[in-house]
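Both of the next two complexes hold subunit A, though its partner changes from subunit B to subunit C.
Coming up: the complex of A and B.
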């Protein structure tokens, strides 16, 4: 019953899309360009119907209505309520419905919040956004209908992939989508601005909050995903340069570049075309990410369904949008950009431009690493996979100048900068940094030139941003974010260089030595939960001269579908994470135990939170 | 043609090119076939032996009196390797074949205890502690099994993933051919 309701709501929404597009164009081409509130009601009605359809899928999941194919494939009566809810978007069809929900919601908020902007600009933005909504609606209704009917109704569902039954992963897709969809609005509005010849500081000021909002959600979404990878996959890392992770990182680089260049456009009416290109590229990358992941070209846990017709649809839709954008850019963009005659090398403008170059470089590295294997396979039939060493080798040498540059760049002023007095503070920081780096390198056994330089430059950045925190010339949100970023880089670095790992096969009762610690496998317990069986290991780690730590990692054997997962037990302190995970090797006797010592792990998450906090402050302040 | 038009043309061509690449890869079967029949020479390499620590030249192990050498990449931490171990044990009972194990990115003690526990099907076990040899050979991961023709030192078959019943029968038939 609810399924039919949901299905019909979606079909209604298609008609609304067509109607809104016509109505907006009608207003746009009328002599006196007006914006009637009827258009707003139409957009609201469309949102309403999408919400109804989303709620009906949710109800189907809550009541385990197995006459719905999506519910049957992805749910089970024994599943906890929380995961029944997250099951709605834990599959291909439902996740697209969520995309659509956010698309319509954002458009509604956009129209509500842009009262003061020109009508013609607003109308065209609605048109472009509705084209995207229309595309998604067609895609959902014709190739990925979440309301497919199943008869006879089965008594029990197939369950949700247990590895996805996790709080972090339940909120990961919605947050990430908010970021992706936000970029679609930036895309629509910049196309509209090109046509209306309105790429100017006012536009930048208006769209800036959307850029920030998308960036905040994208950053948080990536973070939640990597937190999940850290404790659930049990490999002990938080970033694996997996193609699927990379496709979320690429729009992030692009959006970060846009975040900086849009400010230049707002304040100095400069970098116009570049900002537009970044807006289009961000959305194109977000969409390609969705395409690559969903189509199954990249095989991973994120691949829900390998149905080529779906992939083909997104591919065609994506490229139509890109070609449309490129055509509009080339045909309609009035290149009136003259270099401002007061453009001076040592200024904030240049600093932002350099930041953008770095971002584009990092983006290109990730892009090549991700897409090159696909191209190679098509062209030469050879299969390769690109791993972490590639990214590290290419990025690290450029990260060092980037960090050093970031220490100065934000301090430069608009238009012109004077360096009259010798900066004693800077020299002092430089000396302190060199000293700390020397001590670290001397006592830690770091033997690589690049690691040494990286540590030095990130400490240099840390101290400089720390000094900036107390300066009045720099904006507060920027101070927070830049400082957080320096903490992030430093924690990643220290974590990467000083992590220790121990891996061995153990039986109950075994005692093994590792560094100055003793790892004892004390006992094992069996328990039964609602939808899985549980093996609890009991480990103790005694560090000479310190308190001992108890660990209880788990192995879960889910019944629907039968899959076993390992849950790590992580003891977190401000300075380090101790991480134990174990897997079943032979019967219930021998286990593979992996213990990891990860310094400054929590600071990675804290600093990302602080980074986005800066972004939130920037939005609120406006 | 103005500069603008040329730029537009180039951009469009690049976009269409990317489109076709994606389009083709979409229609490709992306399910990895776990069997590759690509005839190529096996790269020679030198590395340590697991138990003795002696440095051994790989090609010196190829015994021309026997017909086929089986090279198996494994690790003690690799779960699928356990599943295929019984097949390797079975394979080691056949006379005219050398089985060489290549221990991939492993802890030596763990590898030794693995062999102690599950039995040793290998005539010799070589160490690839950094995983570089496996990359040179062309491996995607562990476990992988290569059949090498001793006569011309060429790889005649490559099996990705653990040996199962089907693969085992194929290997037997190739060896006995």
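Coming up: the complex of A and C.
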């Protein structure tokens, strides 16, 4: 019943899309370019119907209505309420509906919040956004309808993949999508701005808050996914350079570049074309992210069973959008890019450009590493994967100059900078940095030149951003974000270099010595929860001279579907994480146990939060 | 011969061109070095020359083949045409089970012995490496 309501609401929304596009164009081509509130009402109605449709899917999940195929495939009566809700977007159909919901919601907010902008610009933005919405609606209704009917109605559903039954992964898709979809609005608005010949500081100022908002959500979304991978997958890492992870990182690089270049456009009225290209690229990458994850093309460890035929539709749709965007860019762009006469090499503009180049380099490395295997498979039928060494090898050498540039860049002024003041402090910082790096390298046995240089340059950045924190010449949100970024790089680095792990197959009662520690497998308890059985291991780690640590990791064996997952037990302090996870082996007696020592782990999360906090401040400050 | 501005521009273009070529060269070079090929047991059996590089093997864990020791586990990966013995010590993902799909990364010792350095988890219990799926369908 609710399913039919949802389905019809979607179909209604398609008609609304067509009508809104028609109406906006009508207004746009009328003599006096007007914006009538009727258009706003139409957009609101469309949003309303999409919400209805989303709610009806939600209701179907809440009441475990197994006459709905999506619910049947992804839910179960014994599933906790929270995961019944998150189950709505824990699958292909539902997650697309969520995309659509955010698309329409953002358009509505955009129209509401941009009262002061020119009508022609607003109207065309609506048109482009509606074209995207229309495409998604068609895609959902014809290839991935979440409201498909199942007869006879089964009594029980197949259940949600237990690895997804996790608080972090329940909120990961919505947050990430807010970032992805935010970029769609930037895309529409920049296309509209080109046609109206309105790529100017005013536009930059207007769209800046959307850029920042998308960036904040994208960053948070990636972080939440990363936290989940850290504790749920049990490998102790937080980034594996897996294709599915990479596709979220690519729009991030692009958006970060855009975040910087849009400020140049706002303040100095140049980098126009570049900013537009970045807006288009960010959206294209966001959409291909969704496409690649959902299509099953990627040879990823995160692959979920899925249907490749749907990918083709998104691919075609994406190509059409890109072709449209590029055509518009070439036809409408009057080459009036006025290079400011007072463009001088040593200025903030140059610093931003350098940032952008680096971002583009990182982006292309990730892009090639992710896409190359797909091409190779199509061309030669050879299956390959590109591992972490590839990315590390290419990124690390470039990260060093990037960090050094980042230490100077924010200090430079617009237009022209006088250099003499900087030197004294810099020399001091340089000396301190070298000392600290020397100590670390000496006592840690870092043997690679690159690691040494990387440590030095990240400390250099850390101290420089720290000094900047107390300066007035740099914007406050920027100070925070840049400082947080330097902490992030440093903690990733230290974490990477000093992490230790130990791994063995153990029985209850086993006692093993490793490094300077002893691990004891004390006991194991069986418990039962609503939708899973539970094995609780009891481990103790004894280190001479330190308090012993008790760990209670779990193995959960879910009823439906019958799958086991491991829940790591992590003891977090400000300086390190101690991490134990164990998994079932063939018999119930022997378990595969893994202990990990991860220094400065929590600082990775804290610094990312601080990074986004800077972004939030920037949005609020406006 | 040229004005100062033109000279500057030419230098700039030349520099960016050179760095572009360098970057492309760098990327392709490290791609060649760090690519891991994915093979099925049959493909390994058909290899004319055993590679020393790291590879991934995908297939199903053969029924009753799993053997657990303190330091390592041994099992057989099969694609229902050929099989290969695997020895592994390290963390074992939860979805690793007999008669389920598995992807192991490591080094080929000989045509039927493989030393794994990593076993990759899939998140989905219904997931099967595409080769295995094809092999099963052809049966």
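The definition used in the following text is that the second predicted complex is superposed on the first by the 609 of 622 C-alpha atoms of A that agree within 3 Å, B and C clash if a C-alpha of one lies under 4 Å from a C-alpha of the other, contacts with A are read in each partner's own complex, and residues count from 1 in each chain.
The rule we apply is simple: contacts are C-beta pairs under 8 Å (C-beta built on N, C-alpha and C of every residue); 3 or more make two chains touch, one makes a residue touch a chain.
Only a predicted model underlies this, so the values are computations on that prediction, with no experimental measurement involved.
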Touched partner set for A:583, first subunit B, second subunit C, both or neither: both
Touching partner for A:505 - first (subunit B), second (subunit C), both, neither: both
Dominant toucher of subunit A (residue count), subunit B or subunit C: C
Subunit B versus subunit C as contact partner of A:385, first or second or both or neither: both
Subunit B versus subunit C as contact partner of A:330, first or second or both or neither: first
Contacts of A:564 with subunit B and subunit C, given as first, second, both or neither: second
First (subunit B), second (subunit C), both or neither touched by A:364: second
Partner chain in contact with A:592 - subunit B first, subunit C second, else both or neither: both
Footprint overlap on subunit A, comparing subunit B with subunit C: 299, 383, 385, 503-505, 583, 585-586, 590, 592
In the complex with subunit A, residue positions of subunit C that touch it: 23, 26-27, 30-31, 33-39, 56, 66-73, 89-96, 98, 103, 120-127, 131
Subunit A residues touching subunit C - in the complex, by the definition given at the top: 161, 163-164, 233-235, 299, 301-305, 361, 364-365, 368-369, 372-373, 382-387, 389-390, 393-394, 503-506, 555, 561-566, 581, 583-587, 590, 592, 594
Parts of subunit B lying in touch with subunit A, wherever the complex brings them together: 4, 7-8, 11-12, 15, 19, 21-28, 30, 76-77, 79, 82, 107, 109-110, 113-114, 117, 140
Residues on subunit A engaged by subunit B in the complex (per definition of touch): 291, 295-297, 299, 306, 308, 311-312, 315, 319, 322-323, 326-327, 330, 335, 374-375, 377-379, 383, 385, 503-505, 583, 585-586, 590, 592
